[in-house]
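The letters A, B, C, D, E, F and G name the chains in turn, as written, and every chain counts its residues from 1.
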Amino acid sequence: METDRPLDALNEARGHRVVVELKNKVQLIGKLKAFDIHINTVLDDAEEWENGTMKRKLGKAFIRGDTIILISPA
Amino acid sequence: METDRPLDALNEARGHRVVVELKNKVQLIGKLKAFDIHINTVLDDAEEWENGTMKRKLGKAFIRGDTIILISPA
Amino acid sequence: METDRPLDALNEARGHRVVVELKNKVQLIGKLKAFDIHINTVLDDAEEWENGTMKRKLGKAFIRGDTIILISPA
Amino acid sequence: METDRPLDALNEARGHRVVVELKNKVQLIGKLKAFDIHINTVLDDAEEWENGTMKRKLGKAFIRGDTIILISPA
Amino acid sequence: METDRPLDALNEARGHRVVVELKNKVQLIGKLKAFDIHINTVLDDAEEWENGTMKRKLGKAFIRGDTIILISPA
Amino acid sequence: METDRPLDALNEARGHRVVVELKNKVQLIGKLKAFDIHINTVLDDAEEWENGTMKRKLGKAFIRGDTIILISPA
Amino acid sequence: METDRPLDALNEARGHRVVVELKNKVQLIGKLKAFDIHINTVLDDAEEWENGTMKRKLGKAFIRGDTIILISPA
């Protein structure tokens, strides 16, 4: 069965580690816990990365969708 | 029981201290009092932090949702 | 009785002096007269502050909601 | 009778001279002729001011609401 | 009969020459042909001006509304 | 018969070569194939121009409407 | 049969390699897997390019639509 809606691709990634790229050049890496149609996204065990360096461990992170550029597998 | 909608994660954080990261590089730290679907958020005992320094105590703070990047546990 | 919607917090502040922080780094301080779901806000006896200095007295000020970062007690 | 919706405050200002502050640091001063829920606004006898200097007389000016920061009495 | 909605003012300008100021500091001057509720606007015989200099003749120009700051008589 | 809605003007341009000016200062020149109410636009035989120089041939190009400033005849 | 809606053009590109230009000057090149009316887009075998250099292989990439400028054939 094909996935041809964008949110299906996010749904398949649920429970897996993803990289969330933000408009402010930060990357958040964590396990994809939840998302909605606005692409508001929750990561578990989230880490904040910038320029290839891990800056902080955030734990659970709620990310407002409009700040996201892309989400890809970690 | 699983939480798989992003606002469920915020709901679990209600009453706990959170860090709210804003688009203007300010962090607000306080107790999560309320939020809505726009992610308009109210913190109690809010403090304004910038570059690791506490700048001001705000008391109760209403934050317009569109200025928020992410919310994580303090 | 608890307030758990963000606009309830603004409603409690009605009639009291608040600080409205704007995206252009200006602070408006005045008595909260009115607001709506877009956070369009009206202050009475509003003053414009920048970098800790009072710049102008505005009298009644209508502020378009999308320019607001946060509202807290003055 | 109280006005407690933001647009009521604009309605009271109708026919009077107001300052409209724009996101591009320009001020438009003129007589408030009309506005709508998007805060699209029409001024009569509008003047464009920047840094305390009058730059141009515009006559009637239609201002798109999303470019407005605030409106106060002139 | 009074006009007290902002689009009424645009409607009166239809067929007349107007200046459309854009967020990118360009001015478009032409005859107002059409507009809609988003302020998407069509000018006939449009010219592009910047810093008081005419840069280009565009002929008919369709302008996306969200790029417009204000519209006034030419 | 008059055209007095902005999209009518785009409709007349369908099949003709147009210049699409983008917010990032790029111009796309091509044959207008399709558009919708968001001004999402498709050009055939599109070329990317910047500062009067042709940079790339794109072939068919789908342009997201919110990135467009204006559309005029090429 | 003609395609005259913009999303028809994207639909024809489904399964083919495309270039997705982002507002942050990054190009994503990959096979177009899915898109929706917000232009949220999924690429398979996506690569991130900047200034003519391939920076990273992303695998499957979900791109939030509002960050996209244009989509054209690779």
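Before moving on, here are some points about what is shown:
By our rule, contacts are C-beta pairs under 8 Å (C-beta built on N, C-alpha and C of every residue); 3 or more make two chains touch, one makes a residue touch a chain.
Everything numeric in this text was worked out from a predicted model, so none of it was measured.
The chains in contact with chain A and with chain F alike are G. Computed from the mean C-alpha positions, the centre of chain D lies at a distance of 18 Å from the centre of chain E.
The centroid of the Cα atoms in chain B and the matching centroid in chain F are 42 Å apart. Measuring from the averaged C-alpha position of chain B to that of chain D gives a distance of 33 Å.
Multi-chain contact residues of chain B, defined as those touching 2 or more other chains: 66. One full turn of the ring, starting with chain F and passing chain G second, gives F, G, A, B, C, D, E. Residue ranges of chain E in contact with chain F, taken from their complex: 14, 22, 24, 28, 33-36, 40-42, 46, 58-64, 66-67. Only residues 3-10, 13, 23, 39, 65-66, 68-73 of chain F touch chain E when the two sit together in their complex.
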